[in-house]
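So, here come the structures, one by one.
One chain, subunit A, links the two complexes that follow: it is found with subunit B in the first and with subunit C in the second.
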Partner chain A sequence: MIYSLNNVNYLQDEHDLANSMASSQWLPGESENPVINAIRGRVLLLLALGVFVTLIIDLIAGLAGVELLEVGGRTLGGDIALDTLIDRLRTGLIVGLIFGLAGIGLSMTYSILNFANFSHGDLFTTGAFTGWGVALLIAGWGAGDAGYLLLARSGTGPNPNEIGASIVASPLAILIGVVVSAVVTVAVALLADRFVYRPMRDREGISLLIASIGVALALRSFIQFVYGPQTRGVTAIEGVQEKNFLGTGMSVDLHQLTLLVVSLALMIGMHLLLQRTKLGKAMRAMADNKDLALVTGIPTERIVRATWILGAGLAGVAGFLYVLERGTMNFNVGWFLLLFIFAGVILGGIGSIYGAIAGGLVIGMVQEVSLIWISSDFNAAAAFAIMILVLLYRPEGIFGGVTTA
Partner chain B sequence: MTASETGSATARARISGWVKKTDRRFIASTVAFVYGLFAILIVLEQGLGLGTVNSIFGAWRTITFLFAAYALITLALNLHWGYTGMFNIGIAGFMAVGIYTMGMLSTSPDALSGQGLGLPLPIGILGGMIAAALVGLLAAIPALRVSSDYFAIVTLGLSEIIRLAAGSRTLSKWTTNTFGFGTGGGSGMDLPGRPTDSILDTSIGESFAELFVIDPGRIDLLLFEIGGEEVTLVSSSILSDFLWSLIMLLVMAGVYWLVRRIGYSPFGRVLKAIREDELVAQSLGKDTRRFKIKVFMVGCALMGLAGILWQGSQGFANPNSFRPVITFYAFIALIIGGSGSNTGSVVGSLLFVGLLFEGPRQVGAIISARFNLGNAPGTFDGAIAPLADFSFQPFLAYAIDNIAPLQFVLLGVVLIVIIQKRPNGMFGDRTETAAAVNLGKQEGNDE
Partner chain C sequence: MSEQDTTESPTEAASTIEDTNETATTDTGEDVSAKTDPIAAAPEESILEVRDLDAGYGDLQILEDVDLNVGGGEYVTIVGPNGAGKSTVMKSVFGLTTYMGGTVIFDGEDIHGLRPEDIIYKGISYVPQNDNVFPNLSVQENLEMGAYILDEVPPERLQDVYDRFPILEDRKSQNAGSMSGGQRQMVAMGRALMLDPDLLLLDEPSAGLAPDLVDEMFDRIDRINDDGTAILMVEQNAKEALRRCDRGYVLAQGQNGYVDTGDRLLADEEVRQQFLGG
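Right, the complex of A and B next:
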């Protein structure tokens, strides 16, 4: 009894300590009044909520075509076409799925290996280039020089429509491309782990982060060296835009549909793997508490390898699918997307793959839907700003502090 | 081992001992090494001739300029990361704030792209530094609460937001119409010229430049046969660049002194305590947050200054110059030298610029000048296909032709190797005494 009371006291003390530490770390000149403190802590949240509600009202009024009031030359409500909104939401969903798919691996390496992997974007690029090289080779067999096709149209040769790499003209090439992108990216990630990260297992996160910047630089420049610096188109567009999809009268981009199906399938697969298999359970255990996992007899090195295989494979496939939808790529594609992927992972809460998926979707949507209100110069900045605010004020992510799976 | 070998070994040991005795000697030896190396490399590329002098000075100009620029940045970064342990990877953003504020204050109102208020340059520079410090304050107040890898991502995100804002045409148009200044958006911003350029236009400057021109009369004296034409040993554009680099070197010396002074002050001791264990520093009654915010602002102001002197000296600023990769270069330079050491920052910057940044290009130039490699294949498959017949020439030609990406592969590999094998760099393993006087001397350790 006494013991438990002590225990409660101890908890109470710790709670107080945590509170006082938190408040001492807040702005200097702190008020002692807890109510004021509470309000201070919530001001930004309330502000964000206010902005959000205003935008929603504006959106609904705009869709209804009602002009509510005018402030400083800007109107609340007004005229927003439903088609525009649906279009933006669809692009947001597609981009968000890519962010989510690539984010799963980033989130897993973060929680299991304990560092922010800055080379993740270049694993994405690796998948895109190697996968498309093989897909073009198969789709355009005989249409052009093999080297030209395998290097994803580096040099001069037939144009993408003559090669005909699309889900309509050559679904098999696309399928093999997906597999190759995953396999090669996994191989590259395992090599990097063997020679870069494994000798540094016991070092702290910042050292690993710096090493991953080195990997990112080397990998990206190597891709540039092999494939060349130019931005190139790779997909054929003929027949991809299906005007009357399955007789429903809807217009569907088949490449977007492919992306949707493949990424959803992979996400569900990841979910089943983590929840149903022994490997998944071991991974979750290791993310929760490494020492405990080790003591329990979980082979940590094997789990680390599995983490790289899954994370890098998904990143590679995400890179391939992103290019399938965009049609063009260059060696910077993944590096430029890295901060968005980070934004999604952080938004959803680092360490949670469901968070990474949801966060990626939100970032994708924000990036596209925000175009209704702000100029396209700033939609990327809006996504980064959200990421920074979440990191500062809710570092466990908006979906709560679930750290594993 | 013969006697002469032993003799050369002791001589080498004596030389290295002499070099390592003081930091000043070490820096001077590194400078001599890098500059000498480049003189040799240029001679290897071009052979000996009257034009070679100009080329050597041209190479030295580039190295001096980049060395001063990177040393300024790494010194500021050393204040953040080396002294206090704040992992700031938003350097490019703070540099951009400095330059663009300087531009918006000092560029003339009727510049072609990006308008400013046309104020005197010193006000612009001061304003740029203050603006960078204020942005640093804004970032530091909330961001210092989070762990260091989150802090890294926050600063990276901030620097990208700054870059996007500087490149935004909409924002630039709006500020130009409302306040009369703007960044010029993606097409960049015109900046005031370097104040040193006007010196060479004066009569004193012209006669200075004349010193590097050989006229036929003096040539006869030197027994050269050059057909009676005037020969410029060092062109005046190189001289004016050197003049500017000299200013940067002076500023760098000042910043070196300042950062060193901060490091040895009571303030600096608290910073090092924070780096080693923040909780202990707090327990000793130090308001670590205040210390961190202050030093973060100082570092950001110095980064703004570095940006102004570096990118701002080219008469033009472009948002694309402030991509995060610049930040990573600065980190590589600091890690080579050893984070936490000011001498390391300077030596690391020089080695980075000389051996990693300019060196590979120069070696590539030598190979393509000295060996007849023929036309480089345009693509990678054209380069590797001949390897099957043991013909290495096309591959070599392709590699020389694409030396830039190869150089970045090298940069990445060097970064990985250093962080793995020698994370303290060249100087980072030196223990810096916290006490103001050298305690070692009294114990007779001074041998």
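Right, the complex of A and C next:
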């Protein structure tokens, strides 16, 4: 009401009044008054900018080893080792790639099947457990009981270093593990589609979302039942940290390198598939307009199946690679990461695979780099703060719009 | 729905036409909902023949005993007031509504119940009224989608569409969503023409176009028809549509009202008063 009174004072005649009333409607959160918009727009943005600039100054001063001022026991500047920063950026990139890779499927399911798939995190877990079971079996052939190995060290038996599953000791086992993680996850997703999602294809997104929570719980319980609840280490560490990589003198974690190469290759592959192939174009067409895709003669059920195959396959591989880098896993791994994957997808603009990748990288980077200033208890909050900020000022996300392009 | 809702005094309507009951559709026989001129209404050979069609959405019946036919290469329009079920007729031909009875014969074959991709394969293409392009696909990709049911996009078909709409070739890499309304309509028609259909279904092609573009659009449709493609069109712009077409159907409340050549419908006092605004 205050807005409208102010407006009346400025108005020259009734014609303007009518125009103004018609155009503004006084929707909550929407004002035609530029002053109010500008103030609201700037409070949060200025605050965020202030925090950002302070952190940058602190970072630069810290890297230079200069202590600028001390407030309440905290110093601006001080000592931040360059190595720490590089380390954080590297971890951020790695985690971001995982979020991005897993997010592609989530984003595609959203744009083509029209629902937020909460079982996506457990597809991630499915890939991790099934892939690692087979990788351990191959790498540790003869080293222990086959059942123990196939169930990813459920029970008692040799330790991970004795099994020797790493990209150095048994690259073939890792490669087969990647393939198995994709294949089994795809099979699980197709089964879920056949028995849960397909019968409810025409329902609203909210019904499907709730169904997907059911699938998530069922899947997680099943994994816990079969593989056991304990957190287990799976990778061997010997030789993985290459001190003198290709003679450059750089220290490189070969598992991180594997993750980087495989995930980048898959992302580029997805890009080419969507832009160049008939299937990819049809997927984009269906994401754009399902009704038109139908009358154009695009076999929509086949496109849906392709969406599950690609999305679930990438989620499974992401799960496998994440564990390759971390070294350990438990049955909650995907469920706990789902929120971050969602954050990345939403931040990038839900529906766009490029948005999912970019958003995942941003969330991963923010989460890891923020560890320079805050403890690991709070770094997730930093990632979500960035997400909220982006959504406030660019509600459609970085890449915007419901599209797979 | 009673027959009387459609036309208050059917015998007076279309009075210039000799009244025959050949295609009358009522079970009771007490009233005739369709006025038929035997010469104009029965093309020598129908490519599309709709008989006694009942259809709707879910439990809601929209069409009742609709009869309609389109000859090979013929240009037929359906006009009528809002909510008469014009678009529903078209969607029903394409299998997008709930079928409730009757037959839809295309090229001698009953096509009701077929999937859209199979109907396209038989030679019908459909251009919906709204949202008829893929906005995030380029113009060329939109056209390629029109030939999805083929293993490969025939280059000569693509060239044919580009020859028909040269501006699309100039803008083939542009996203269809960033084009003007008239250009989008060309993309949509181009997509539908990619398979060189025998019958093109057009749902309100002039909707949302600026007045000067409407004429151009009708000219283009004329040329498509001149090249041998039969056209079944629903139009809000009834006078212009009837002027251009070979034959017109007036649909009211989901039933056949009148059918005759476009010119004669235009000249008919009853049709003018009830449906064309005098």
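Structure notes:
Everything below uses one rule, namely that the second predicted complex is superposed on the first by the 347 of 405 C-alpha atoms of A that agree within 3 Å, B and C clash if a C-alpha of one lies under 4 Å from a C-alpha of the other, contacts with A are read in each partner's own complex, and residues count from 1 in each chain.
The definition used in the following text is that a residue touches a chain if its C-beta (ideal position, glycine included) is under 8 Å from a C-beta of that chain, and two chains touch if they have at least 3 such contacts.
All figures in this text were calculated on a predicted structure; none of them were measured in a lab.
Look at subunit A after the overlay: subunit B and subunit C fit there side by side. By the touch criterion defined above, A:394 reaches neither subunit B nor subunit C. When the two structures are aligned on the shared chain, A:295 is found in touch with subunit C, with no touch to subunit B.
Between subunit B and subunit C, B touches the greater number of residues of subunit A.
Seen from the C-alpha centre of subunit A, the directions to the centres of subunit B and subunit C diverge by 90°, a value given as a multiple of 10 for the model superposed on chain A. In the superposition on chain A, A:284 makes contact with subunit C only, while subunit B stays out of contact range.
The gap separating subunit B from subunit C at its narrowest, counted between C-alpha atoms of the superposed chains, is 19 angstrom. According to the touch criterion, subunit A has no shared surface contacted by subunit B in one complex and subunit C in the other. Chain contact summary for the complex, subunit A toward subunit C: residues 278, 281-282, 284-285, 287-289, 291-299, 401, 403, 405. Those residues of subunit A lying in contact with subunit B across their complex are 25, 27-28, 115-116, 145, 147-148, 150-151, 154-155, 196, 199-200, 203, 205-207, 209-211, 213-222, 224-229, 339, 342-343, 346, 375, 377-378, 380-381, 384-385, 387-388, 391-393, 395.
Residues 87, 141-143, 145-146, 148-150, 152-154, 156-158, 160-161, 164-165, 167-171, 185, 287, 289-290, 325, 328, 331, 335, 378-382, 385, 402, 405-409, 411-416, 419-420, 423 of subunit B are the ones touching subunit A in the complex.
Residues 94, 96, 116-117, 120-121, 126, 128, 131-137, 141, 144-146, 148-149, 191 of subunit C are the ones touching subunit A in the complex.
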